[in-house]
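I have a structure I would like to understand better, so I am pasting it below and will then ask my questions one at a time.
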Amino acid sequence: RELQEFIDQEQAKAKMAATVHELTDTCWKKCVTGSISSKFSRNEVSCLENCVDRFLDTSFYILNEVKQQRNQLH
Amino acid sequence: RELQEFIDQEQAKAKMAATVHELTDTCWKKCVTGSISSKFSRNEVSCLENCVDRFLDTSFYILNEVKQQRNQLH
Amino acid sequence: RELQEFIDQEQAKAKMAATVHELTDTCWKKCVTGSISSKFSRNEVSCLENCVDRFLDTSFYILNEVKQQRNQLH
Amino acid sequence: QIQVELATANAQMLINKMNEHCFEKCVTKPSTSLGSSEQACLSRCTALYAQAFDHISQKYYQRVMKEASSTPEASLEAQRL
Amino acid sequence: QIQVELATANAQMLINKMNEHCFEKCVTKPSTSLGSSEQACLSRCTALYAQAFDHISQKYYQRVMKEASSTPEASLEAQRL
Amino acid sequence: QIQVELATANAQMLINKMNEHCFEKCVTKPSTSLGSSEQACLSRCTALYAQAFDHISQKYYQRVMKEASSTPEASLEAQRL
């Protein structure tokens, strides 16, 4: 039982680590659109600052939409 | 034996379900190029209508090409 | 033990085969930007000629960068 | 049991894809909150993506059936895509 | 047995990639049928993709061999990419 | 043991992603060697990608914690993304 808990925890960690890579990929593509200078531009910084939270907001928003549409059917 | 058949069928179903997601991804990228209105434009509808069948036609066409090229070698 | 060696070799082969597919994907996207003629343009040929070696150079360059940054911390 | 898992994985995949494509289309410059026009866009986008998915799903299974009735070999190839 | 499966998976992957890239290049507006100019484009595209694949494959294995003969460590890294 | 493997896989993934994105940004026309301006771009790009990764990582774990403390269900959903 303790072993199972340990495995579950490690799997959850691995999943979150993978999510961070995907989020970085998504936010890099969305926010870093120009050429590469020695530091991020002000727009890029602000975009990267907000990208994770807006992506997760989007995710919760869509989950809610889908649930509501399903409830309307019943 | 019946169990094996059941597993094969479920795997085929899962594969087809995955193909539908990939096709939707491909056709969305090809056909929905503008901003999001409340419904699809006429061009978008016609593109989405035909996208699956032309993608599968392409797939059969390429398989044929590859077979012919292989036959020319023998 | 011999079986293990055989498995390792086959896995290495499969990994390299997968890398060739990824490199072709990457280099096709980078080098074949126009429409499809009956043969590659001169620019496309030169780009494809050099794409693999520059991609691998990039990979070694980045590995080195990361190692140096890590050494600066210790 | 397996069928329930398949259905759940399928719904999860659909939501992930909506998330990816609708975030790309509707949240062009992530700011300090999700604005009302971004939310409206997400609602439209989610509905349209679901519509495209249903339509494409239908077309795909029609084609698989058609190929299966003409040449059994071709249908296998269509499944394997 | 394993080697046969690898070869098949490899061919399947090549065909999937051709499908993806050549559909993208040649079928820009899917219409009610695959036109003759689209078909001609697909034939050219398939041949060019196969050519690029062969060339890149050759370059890659040359490089892996070169790195293996200079530094064993680097070759491992090249394989792991 | 598992934790070491996770950490290694994580570092490997980060390097692969840097490779992909920085090659795309910095080596726009692959030529017969990696020029000095391409190398300079790769150094900047690697540093910026690492910076973006660290920042996004931090924001993500903050959000997961925040959701976990408000609604346990939502945090599960955030993990599952």
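All chains are identified by letter, namely A, B, C, D, E and F, in their written order; residue positions are counted from 1 within each chain.
Methods note: contacts are C-beta pairs under 8 Å (C-beta built on N, C-alpha and C of every residue); 3 or more make two chains touch, one makes a residue touch a chain.
Just so we're clear, the structure is a prediction, and the values are computed from it rather than from any experiment.
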Q: Treating chain E as absent, figure out whether the rest stays one piece or breaks into groups, and list them.
A: one piece
Q) What is the chain whose Cα centre is as far as it gets from that of chain A? A) E
Q: Please work out which of C-F and A-F is bridged by more C-beta pairs in contact, and write that pair.
A: A-F
Q | Turn needed to bring chain B onto chain C - CA fit, degrees, nearest 5 | A | 120
Q.
Please tell me the distance, in whole Å, between the geometric centres of chain B and chain F computed from their C-alpha atoms.
A. 31
Q: Please compute the C-alpha centroid of chain D, do the same for chain F, then give the distance between them in whole Å.
A: 27
Q.
Centroid of chain A to centroid of chain D, CA atoms only: how many Å?
A. 19
Q.
Could you pull out the residues of chain F that touch at least 2 other chains?
A. 19, 22, 26, 80-81
Q. Taking each residue of chain B in turn, which ones touch at least two of the other chains?
A. 27, 51, 53, 59, 63
Q.
Quick check on the complex: what are the chain F residues that touch chain A?
A. 2-3, 6, 9-10, 13-14, 17, 21-22, 25-26, 41, 44-45, 48-49, 51-53, 55-57, 59-61, 63-64, 74, 77-81
Q) Where on chain C is chain E touching in the complex? A) 10, 12-21, 23-25, 27-28, 31-32, 35-40, 48-49, 51-53, 56, 59-60, 63
Q) For the complex, which residues does chain B have touching chain E? A) 26-27, 30-31, 46-47, 50-51, 53-55, 57-59, 61-63, 65-66, 69
Q.
Applying the document's contact rule, which stretches of chain F touch chain C when the two form their complex?
A. 15, 18-20, 22-24, 26-34, 39, 42-43, 46, 50
